[in-house]
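In what comes next, subunit A is part of two complexes: it sits with subunit B in the first one and with subunit C in the second one.
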Partner chain A sequence: MTLLPSVGRELSNPPSDGISNLRFSNSSDHLLVSSWDKSVRLYDANADSMRGEFKHGGGAVLDCCFHDESSGFSACADHKVRRIDFNAGKEDILGMHDEPVRCVEYSYAAGQVITGSWDRTIKCWDPRAASGPERSQIGTYKQPERVNSLSLVGNHLVVATAGRHVNIYDLRNMAQPEQRRESSLKYQTRCVRCYPNGTGYALSSVEGRVSMEFFDLSEAAQAKKYAFKCHRKSEDGRDIVYPVNAIAFHPIYGTFATGGCDGFVNVWDGNNKKRLYQYSKYPTSIAALSFSRDGGLLAIASSYTFEEGDKPHEPDAIFVRNVNEIEVKPKPKVYPNPPA
Partner chain B sequence: MRKELCRNFQQGSCRYGERCRYLHPQQTKPNNPFGFGTQQQQNKTSNNPFGFGVQGGSNSNRPNQSQQPFQNTWQRNPSSGSGASTQQSGKQTQQADHKCTDPAACKRVIQEDLKNERPMWKLTCYAHCKHLPCDVSGDVSYEELRAMAYEESKRGIPLQSIVERERNLQNAKVAEFENFLRSPYRGAVTANQTPSIFPPATQVNSSPPGGFSAFNQQPAFPNTNAGGGGPPNPFGRFNQQPNAFSVNTPQPAPSGPSGFQSQPSSFGPGPAAPSAFQPSVSFKPASFGPGPVAPSGFQSQPASFGPGPGLSTPPQNSSIFPSVTPTPAFNSNQNNQTGFSFNSPVASFTSPAVDTTNTPSGTELQAGGAPVDTSIWLKEKWNPGEIPEQAPPDAFVHR
Partner chain C sequence: MAKDPILQVETTCGSLLYELQVIIWDEVGETETDRDKMLLELERECLEVYRRKVDQANRCRAQLRQAIADAEAELAAICSAMGERPVHNTRQSDQSLGSLKQELGTILPELEEMQKRKTERRNQFLFVLEEIENITNDIKGQGELVLPKPPIDETDLSLRKLEELHCHLQALEKEKSDRVETIRKHLCTLYSHCSVLGMDFNEVVSQVNPTLTDPEGPRSLSDHTIDTLDAAVQKLREVKIQRMQKLQDLATTMLELWNLMDTPIEEQQEYQHITCNIAASEHEITQANSLSQDFIKYVEAEVVRLGEVKASKMKELVMKKRSELEEICRKTHMLPVSDSAMDQTIVAIESGIVDATLVLEHLEQHISKVKEEALSRKEILEKVEKWLSACDEESWLEEYNRDDNRYNAGRGAHLTLKRAEKARNLVNKLPVMVEALASKTIVWEQEKGIEFLYDGIRLLSMLEEYNLLRQEREEEHRRQRDHKKLQGQLIAEQEALYGSKPSPSKPLGGKKAPRMSTGGAATSRRLSLGAGMHQTPKPNKKADQRQAEGALSTGRRGLDVAGLPSRKQSMDPCEQLQSPLTRKPFSPISTTVVASKANIATPQQLVPSSKSNAVNEISSFATPVKNNNIIKNLEEEKIMMMMQTPKNVAAMIPIPSTPATISVPMQTAPTPLNNNNNARFLPEKAEVIEYSFEERRLAFMLQSESPIHV
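Right, the complex of A and B next:
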């Protein structure tokens, strides 16, 4: 275990190819990591040990999520959604899409697994059903375009697709989206993440911008939405504009971290519209971010995301930082004349 | 209010923001030729180096510099790029409330965006007006590109051709943007949303199949376009064939020319237009290859865009498509087009099935579009997903 104070602890035994996503568990500091090397790995972030490696023969694993401490789900480029039993070290197929499955989430509220795919659908699955797509699939919902990212909070599901479409669903009524929107950013959407308080979501794009949106369609709520620029570098009067690949919300403070292809991780206070912190630059693009359940740890996947095609790049690595309160705690505005 | 300039503001550290007694240049909005209303920015404080709430304009601030953590005292670096930051702060207001009423204004917005904020990732979609559907669609994510590359490599395609294909894809997309920049749609949209001056609907098919674009012409499909309407996307699966990104088969690497390029890009979401959907089956469209293709004539027209700017006129397409069988139709350019898609000769439609190995989804090739229900043009307001790909028939244009 290498100890680098500025970037955090680097986990040993990282995947041998790009990291597509990583997630902390809701009940421990176990970290689940999916990779282009066709495996899903489970780490104990505190002990820096790999607890399991689950090889998916079919293709790159594009996403993963926990179900509970003993099992999780994976989304694979071979079109299959799998359930992984960590203890038994086995996986089985929960269902399939017609194209690579890009995202997987588990909804505790609905008790369902939700997957999004490049086949332009999202599907809901019952994880307790017998394996096999016929038995376990609860529903399939067409999307306007290929699904790039999805996020859940409470009963809300937000789906971001290619072509800048955003569909917002209520999990209790999936027959049609509750809202259909176009992204308020101008370029391709990279990532969408809902606020932990359930009032809205943050959307990031390839143009170095993040937009903060709200579910409530009332004027008052919509007036609060905004977008900001980030992950850009100024050079010769022009900006080099990096995609923002990852967003992760701190579970307690509601502040959030963003990671971009510039290798930086920034922490933002969305309510006060300020940047709280910027971590030291990582060796290569940030592919994924995740806060632990109490916000005490931040896992960072520093893994080249091929935004510039195939080129030599730094090795893919996972860093785990201990998060200091000062980096993530909001600082309310200071007014020169406080109200009397 | 004093008439002096606020010194703190110039340094980027005025705490009073709107309440400040001294002048903050951006508040005076000198550059407001279009009379845009006040910025609705929630954030009027002068310390807005990230442009919170502001769209457009480049931000030459370097927030990273000399930052003590938690200090948040963004210093505007006077030497950085262009003292432009103050000049541009006025410009920032221009895009805040852009409405597509004046084509020149739209064009300006587009030019600024593409000049100042061109993302490094080229295979992106673009809309000049936030909340509106894309002007340039057919975006591909880097994961898709990577999956495609891995897939091809697994099949034994040499790295060289993979790289070449990707490069072509990228060039095509860049060319599409260039074209778009040169001739963004002409003018106000007919029915809110983006103007769609598409080739006469009759062409149908013309719209490049590809595409995923959301818009399917059918009014029937409310947004989701399920690819191809009708038959569930038979085409969708097309992609399976390697084509997804064009390459596929014979010709790897789409050759350049061809204006649209949809080619390469087509895969995927095919630049715009997907009008293809449509069960068109009748067409044989199968192809889509080249996606938008259609117009092969164009070249310059971005054509592909989906709803967006009409550009194009491609009307020519019609000839192209007919039968789709791959390509030939396209005349010209596209050579590769044929490559696309067709992997599976028309017959394949139906089943997407194809290979499980998953063709990189990339492109869904959609068959050419079917004729649009002309009543769509009479609607006052379109929902996303209903917007026809094709241009309105002349009868509806220029009222």
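Right, the complex of A and C next:
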């Protein structure tokens, strides 16, 4: 299938198996990509060049994140949390979980690496400590279920696990979750992402829905929360519902993009409850999304996410598209439908 | 011896006579005649003396009487002058009072008294008269005629007269104060005028009368002064009005220039105090120097400056006016003045051949003309707008009718339905509208004697064209209906062949943006047979399918009845299958989906029952294939076949690949998941573990890797 130019530039040298996550750097347009092909790759999104490929021979890499411009972390299916030095091309093991590590985040506020695993724990690590799990590990915190998604904003850490549990921690006091919640959505949580303004988080489920939540427990704040349907297809009066795999917030406008197994990327204005834009369809499921630091670029991982088990699928691909302001800028509320 | 002088005199006289007669004369012996003569002489001399004395006394008495009479007369005169009762009446009744001298003695002090009073009274008169004199002089004007002395009427010094004089004095005093007030007022007015006009007040006043400038000294109060003052005030007022009008003219010009050149507000601010007086009347302008010569010169200078700026900006102005003209033309869909003509005028202005002001005026005239015309076009234009928007609605409706998903439920669907209903009404009215518009336009053209142009095209020809187009479209619709009938026959044939009808397909027009599927209609609801927002695929029973199909075709027929032509070019199955997607339909994963190895048995168990019971299970195909049971796979595939929609059947013949849309009906099978769940899986629920895609993928990965490692 030939791709229309409207989907953005496709990066060459994509991973050879499913893309588990991709993230833009905080200080450049470098893009870190983790994959089921047991590698982490570093691209220059502007130059369309692969700056490095880091394979450790362990397991599939389920998540990755930047530490700084020259290093990053990976969460691996072989239970290990690794630190990657991009320049030296060297990897060392930061620590281990008892089960595959599902997700990893680096907190600039706390200077800690936080990982979530299917061993029903989250762990905090000090990346500066001498290597060796005994030294670098700061704490282990039990979770009610297998951790599926993590998100950080300021000192807030939101942990979404199987069984629709959501735990909210304050990084300064990890002993107990600040709040224990149940997902507002009825189905399995796919992704959780905090608002850039630090007031709450968006949570997506396998059933074409996203809920918008707020940390503040006051009635006024909670009255603002809502959920909406998305990534569905109406066919002859029947709805087909797709999982929402990815959420990415625009760093400047606070609007956000969602990606689903329908291969669509939608941009939403959460405050005005409007869809701002829908990009043309991608070849297969959207596995991950990331806005660059200034929101000028959007990286899209079009990669089959195994929602229907093993089956032939379109090749995994990374697209980088320039974001028009009109696609992401909030629009003030207007008449919902043109007057008929 | 003689005690009494008269006796003594008599004695002396007798003795002397004796001595004379007896002694002397006897001795002398005078003759008797002598003696007699002598005696006669003596006697005559004596008489003479007596007579003299008597005369003297008589005269004295007369004088006395005269004095009394005089005094009385004077007294009377004084009394009469002073308006008092004469006094001498009392005196006359009292005549026995005594001798003349006594009388005189009583009358004299009276007279003196009266004279004193008279003098006093006179002084009073003098004082009042002098006052009157002063005031009169003040009023009449100094140095004009100064009367030497106030004439006093000595004969009338009565109190009544005095009273009269006092009244007169008061009247004069009042007049004086009135005049002072008048002058003060005039001076005030004069002062304010002078200050507004920027003139020297003292100079102006001293021209009128020098005494007015002296704040201490007496001021001239004469009629002349007042008149001159009045005249001066009038003159200044005229000057003021004149200047004010001039200034207002200047301000108006200034405003026009500002307006013309879009002068920034900051620059205007400086002259705000002038322009704010543009509509003020004479008495409202009181600010000092606001009408002085210098000030007017200053404003004049600014206007001249603006005028120069304007001259230099004339080209821009012409452009601006022109764009204004074009804007009006655009709004009213008239043809603007051709560009080349305009460019030529601009070239002409630049080269100085044409005076830009003339061009501007010409443009202004043109604009007003165009505005006038626009007004006459307004009514028709409104109708044209209505017609055009109706045409838009018509084309929208056309497109909408082509959308087979238009009755699908979705957000805002009811609004779209409403819109369609309105649009249909509108479209029905269109021919009438066009006819009315055409007749109106013809009337207009006849009235004006020119063609009604809409953006340069004759409106009548536009309407004609539209009518032609409409006829063509109707023709097209008719053709399509025929085509559809044919299609129906084709479908019937296929049904005969494969036992089922293809479900209606989406037109693959391509150009149309994906529309929010509309819906909410009862028929389409029925099609989904109560499926909730979360639908799971199920192996459809044929009976179900037919039922659905029946409902669907009812819906379709319903549409046709509504007379909505829809394009059916895409009915050809080959065209439908252009979709390149090979992806299998995705079914949402629910918490109850059993995907683990442990539960592999479940779908197998369910499959047979599903055939009879319409109970479905996603995992029948969504579960990663972990068992190597080929038979099961085959079975599944068989089920899949059965599950496929009739369209698929049709599609299977020409092209093997399955479009994504085709398997949709499977997923929207009627059984709500929850019921299903409660009924069948409750006992198992506690043991069910919900796995994420990644966990399943990893499990699959490890499994597929393990043989290699082993």
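Going forward, the second predicted complex is superposed on the first by the 328 of 340 C-alpha atoms of A that agree within 3 Å, B and C clash if a C-alpha of one lies under 4 Å from a C-alpha of the other, contacts with A are read in each partner's own complex, and residues count from 1 in each chain.
Criterion: contacts are C-beta pairs under 8 Å (C-beta built on N, C-alpha and C of every residue); 3 or more make two chains touch, one makes a residue touch a chain.
Computed from a prediction, not measured in an experiment: that's the story for all the values here.
Trainee: What does the overlay on subunit A give for subunit B and subunit C, a clash or a fit?
Mentor: Here the two partners, once superposed via subunit A, clash with each other.
Trainee: Considering only the touch criterion stated at the top, classify A:79 as touching first (subunit B), second (subunit C), both, or neither.
Mentor: In the superposed model, A:79 contacts subunit B only, not subunit C.
Trainee: Looking at A:312, would you say it contacts subunit B, subunit C, both, or neither? Reply first, second, both or neither.
Mentor: second
Trainee: A:182 contacts which: subunit B (first), subunit C (second), both, neither?
Mentor: first
Trainee: Which partner chains sit in contact with A:276 here, subunit B, subunit C, both or neither? Use first/second/both/neither.
Mentor: The answer is first: A:276 touches subunit B but not subunit C.
Trainee: Applying the touch criterion given at the start, work out whether A:302 contacts subunit B, subunit C, both or neither, answering first, second, both or neither.
Mentor: In the superposed model, A:302 contacts neither subunit B nor subunit C.
Trainee: Name the chain, either subunit B or subunit C, that contacts more residues of subunit A.
Mentor: Result: the larger residue contact count on subunit A belongs to B.
Trainee: Classify the contacts of A:120 with the two partner chains as first (subunit B alone), second (subunit C alone), both, or neither.
Mentor: first
Trainee: For A:140, decide between first (touching subunit B), second (touching subunit C), both and neither.
Mentor: neither
Trainee: Go through the superposed model and pick first if A:284 touches only subunit B, second if only subunit C, both, or neither.
Mentor: Only subunit C; A:284 stays clear of subunit B.
Trainee: Should A:21 be classified as contacting the first partner (subunit B), the second (subunit C), both, or neither?
Mentor: Neither subunit B nor subunit C is touched by A:21.
Trainee: Looking at subunit A, which of its residues have contacts with both subunit B and subunit C?
Mentor: Correct list for subunit A: 18, 20, 36, 59-60, 62, 77, 100, 102, 118, 146, 148, 162-163, 186-188, 190, 206-208, 229, 234-243, 261, 305-310, 336.
Trainee: Using the touch definition from the top, list the residues of subunit A that touch subunit B in their complex.
Mentor: 18, 20, 36, 58-60, 62, 77-79, 98-100, 102, 117-120, 141-146, 148, 161-165, 167, 177, 180-188, 190, 205-208, 223-224, 226-230, 232, 234-243, 261, 264, 273-278, 305-310, 326-327, 331, 334, 336
Trainee: State the interface residues of subunit C toward subunit A in the complex, per the touch definition above.
Mentor: 404-405, 407-410, 412, 415-416, 418-420, 422-423, 503-504, 517, 519, 524-525, 527-528, 531, 533-535, 552, 580, 582-591, 621-625, 661, 664-665, 667-668, 690-698, 700-701, 704
Trainee: Mind listing the subunit A positions that touch subunit C in their complex?
Mentor: 1, 18, 20, 36, 59-60, 62, 77, 100, 102, 118, 146, 148, 162-163, 186-188, 190, 206-208, 229, 233-243, 261-262, 284, 305-314, 336-337, 340
Trainee: Of all residues in subunit B, which touch subunit A in the complex?
Mentor: Touching subunit A from subunit B are residues 15-16, 40-43, 50-53, 55, 58-64, 67, 69-70, 72, 80-82, 84, 113, 116-121, 123-128, 130-134, 137, 139-147, 149-151, 159, 162-163, 166-167, 212-214, 223-227, 233, 236-237, 239, 268-269, 306, 352-353, 356-362, 364, 383-385.
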